[in-house]
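If you scroll down you'll find the structure; I have some questions about it.
Letters A, B, C and D mark the chains in the order given here, with residues in each chain numbered from 1 onward.
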Amino acid sequence: MNRRRFLSVVPAGLLAAAMGSDITPREAQAAAEQTPNAQPIPVTNDERIAELIAANHILADLGVLDGFGHVSVRSATNSKHYFMARSVASAAVAQADILEFDEDSKPVDARSHELYGERFIHGEIYRLRPDVQSVVHSHTAAVLPFGLTEVPLKALIHTAFFLGTEPAPVFDMRKAVGPENHMLVVDTTSGAALARILGDRSVVLMRGHGMAVAAPSIRDAVFRAIYTRENAEVEMEALKLGNPVFMSQFEVTRFDRATRQWNEWVAEAEARRSGR
Amino acid sequence: MNRRRFLSVVPAGLLAAAMGSDITPREAQAAAEQTPNAQPIPVTNDERIAELIAANHILADLGVLDGFGHVSVRSATNSKHYFMARSVASAAVAQADILEFDEDSKPVDARSHELYGERFIHGEIYRLRPDVQSVVHSHTAAVLPFGLTEVPLKALIHTAFFLGTEPAPVFDMRKAVGPENHMLVVDTTSGAALARILGDRSVVLMRGHGMAVAAPSIRDAVFRAIYTRENAEVEMEALKLGNPVFMSQFEVTRFDRATRQWNEWVAEAEARRSGR
Amino acid sequence: MNRRRFLSVVPAGLLAAAMGSDITPREAQAAAEQTPNAQPIPVTNDERIAELIAANHILADLGVLDGFGHVSVRSATNSKHYFMARSVASAAVAQADILEFDEDSKPVDARSHELYGERFIHGEIYRLRPDVQSVVHSHTAAVLPFGLTEVPLKALIHTAFFLGTEPAPVFDMRKAVGPENHMLVVDTTSGAALARILGDRSVVLMRGHGMAVAAPSIRDAVFRAIYTRENAEVEMEALKLGNPVFMSQFEVTRFDRATRQWNEWVAEAEARRSGR
Amino acid sequence: MNRRRFLSVVPAGLLAAAMGSDITPREAQAAAEQTPNAQPIPVTNDERIAELIAANHILADLGVLDGFGHVSVRSATNSKHYFMARSVASAAVAQADILEFDEDSKPVDARSHELYGERFIHGEIYRLRPDVQSVVHSHTAAVLPFGLTEVPLKALIHTAFFLGTEPAPVFDMRKAVGPENHMLVVDTTSGAALARILGDRSVVLMRGHGMAVAAPSIRDAVFRAIYTRENAEVEMEALKLGNPVFMSQFEVTRFDRATRQWNEWVAEAEARRSGR
């Protein structure tokens, strides 16, 4: 991969940071604010957890997460750790459900809770990608056909610019772990294999399973998960009509600050919950 | 069919049980708990009926059952009998609607209620499949194209592993009962024909009509009905893009305890009803 | 058309009646009750109007009618007249909105209300088809592709048996009325042309516009409108997979009393309205 | 373009007006009322803003606008100015969010609000098309495939007559502004390029982005945005079945006063908001 494409999918200001592994959350935040594409990430864990809860609700309400998916955020005080809910439906995640996990995806204090079996998706992406501050794993049906066939998922609609001009990588556990696999990323080995396939990209498809989305902030992770689905839906229909015009190398680097959606999505999620 | 595939679709611990027909609910429960795939089934009829009511609401709310479908559970105290609602919309099923049926699908006490005409689907599957504790019959539109054409429905997404690697069998009443049929399974003869086509599988498609789903627990029956639809939807789109990679012989035997979804689905169904 | 197919789509007991034009509502009711397929129709106008209001709500709530469609019922006391709402959204139709129309689709007393421009669809079908007691006209998107192309819409799913084994007829105003038409059935001439294309069938597609559904009762009209859409949706997907097995001559004559759905649909429509 | 087609897409009474640029809102209103297709537009700014707020809610509720789209109306008192919300989600737009913009899309008084970056779509269409009183810009997924491929979007369903018989024009910023573009219409130059591609038509597709809809009233803009989506959905499915019969030159000039929908849509939007 040449440097130019790297620039097109990773915020430029995080390039240096991405080279080392000791980036602090504050440095990540500073880098994100310098770059055109990234949205801000809170500097305290309390704020990060509040956004994480909102992200769970938004992604569940919009149908990106079903009962099986999850979203996480890197810790602001220990960049090797991350926060994620205990094993619970995303739509119902509350403050008390959030646990801290270490670099091997072991809970710091599980408080007797059952855990998401596939938390290693998150832990291993954080280990390999210091620029990543938030990860989503989902079973979103619209992206599945692209992980099951040779048809590439690429940036077609301008809100999915982060998909870039190269096909989204596909993680097939049968190839990465061997034919006698469990289809699930339930240990550090398979998690690391997935993270390597993701590489420096935003989205990795998981054959017959779903996808993992990596982003420099919680807001971007939510945005990317939503618009990856939208790109997949539009690409599927466009392919049936003919050869669609994909975005160009230049177009995928465009500016797109999507703060407006975040505030709207949070407001809608809260309205639904207060109405209950 | 060789023994290997049998293992891949029927919980291994139920193999011996499946050979005889006198398995008790307690033995079925024990077997289910030993097997990796099966979810628990309550040991008392009160608890089974409570889960059955929840299953009706969940499947109606998620659109798997429309006005015509139904779900049943084997009796915990008389393994030849089963419980199912009187003829009523699934979304509205309550305790007072549940009736007990004998091995010939005759109501023990109909209490003047109208009955589902197609209850023989349930009765005859219970007769032929002692390992089955719960059955769903639905008109789910997404599976219909696979019952109407030569295109096989097979396990493509990991949550539908129970579909196995062989095409889901198709029950065409025109072949099973003759050209002058009623399209409906309204007697023991057509029910038995359907059960034979189902064989030892989880799902049988019904041409121009819908499907029947068999499972070792109510929770699994609900799970399987939902993810059969999801598999059908994804397969339909993947087929339009190319040749999808179906799950392998090994992958369909994977572990997948889906208790989390059950609790979530029950909570959502209750929330919707209390909000009424 | 031979007599056999006629029998398959029109309730047999109405055959004689269909030959003359002076059938009374009571005779139609008696005939409907003798036939296997037809649901009952109330014998008083008050009851018919109550069902008509419910039908408006059901079809609007299920998305079969959008702002443009309408449903009507023949008068119980004057078989040349029919009842239909004034020009208003179906979802909001109330008792006070119902008007009586004569055999030329003129309002008996318009009470200064604006009228549906396309009421002639109803009036002319009632004139030509004495067996028909209720008519639905809708813009349902799923049926449109079948009216726009050469691909025939035929009975594929068992709940749409009334579509029969022959392609649903297509009304193309360009052919029926001439190239300089208004695309709309806004007079008796174009209404009569549409009724002739419908002939003795249940459903006529309208090119680029929608469909008209004719039935021996309000309940059947609602049922047929809903399951014509379902059949169209399933047929569209099945055609993409291969050559689907359509229903046979015998199968389309099957018994299917769908009273259960009616009661459920009414209950749901009322629940939504009382919740407002 | 010959005069005949022009007549088919622009209300005839506005023809003379469209020639000059000094049409007053009252003249536009008068012209609209004389023409068969156009719906009325209020003559005072207070009424226009009330309709604009309703339009925001309707288009958001029906899913035509997501977080990114917007709708505007020309000022009744200064035909070079227009009203549009500040940068806020359409579903939540209220009186206090409405700002006035001048002919260069600069806010008359921004009141420190953030603005929609793509307001130049609106401003430049108003500049080039004096007959246009309202503009919608949306990311509606269903129309995207037609902007991404060579397949033309044309009037297929009678409620989308305004699309006309010629392919909807496609604005590809890569061609209009050059390969190093931002995919967004964020200045008068790109806005003017878009308006030129729109020409005298109702709808312009934006490659990989969405569409812009121009209309002689707010009600028509809402109607056109909704039925452009419907036409796209039906055309997509019809194309998969065969060669659909598109509307003829004569048919697209037909009368279709859609006031009924407007009142219904407003009532529904208000009901949803009062229920909150």
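Convention: contacts are C-beta pairs under 8 Å (C-beta built on N, C-alpha and C of every residue); 3 or more make two chains touch, one makes a residue touch a chain.
For clarity, every value in this text was computed on a predicted model and none was experimentally measured.
Comparing the centres of all chains, each the average of its CA atoms, the largest separation from subunit B belongs to D.
Computed centre separation for the pair subunit A/subunit D is 35 angstrom, with centres defined by C-alpha atoms. Put simply, the C-alpha centre of subunit A and that of subunit C have 49 angstrom between them. Multi-chain contact residues, meaning those touching two or more other chains, occur in subunit D at positions 240. A ring topology is adopted by the chain contact network, closed into one cycle in which each chain touches exactly two others.
Of all possible chain pairs, those that touch are A-B, A-D, B-C, C-D. The touching residues of subunit C, counted against subunit D in their complex, run 67-68, 87-89, 91-92, 114, 139, 141-142, 144-146, 148-151, 172, 174, 179-184, 207-209, 236, 239-240, 276.
Across the complex, subunit C meets subunit B through its residues 156-159, 161, 230, 233-234, 237-238, 240-245, 247-248, 250-251, 254-256, 258, 260-261, 263-265, 267-268, 271, 275.
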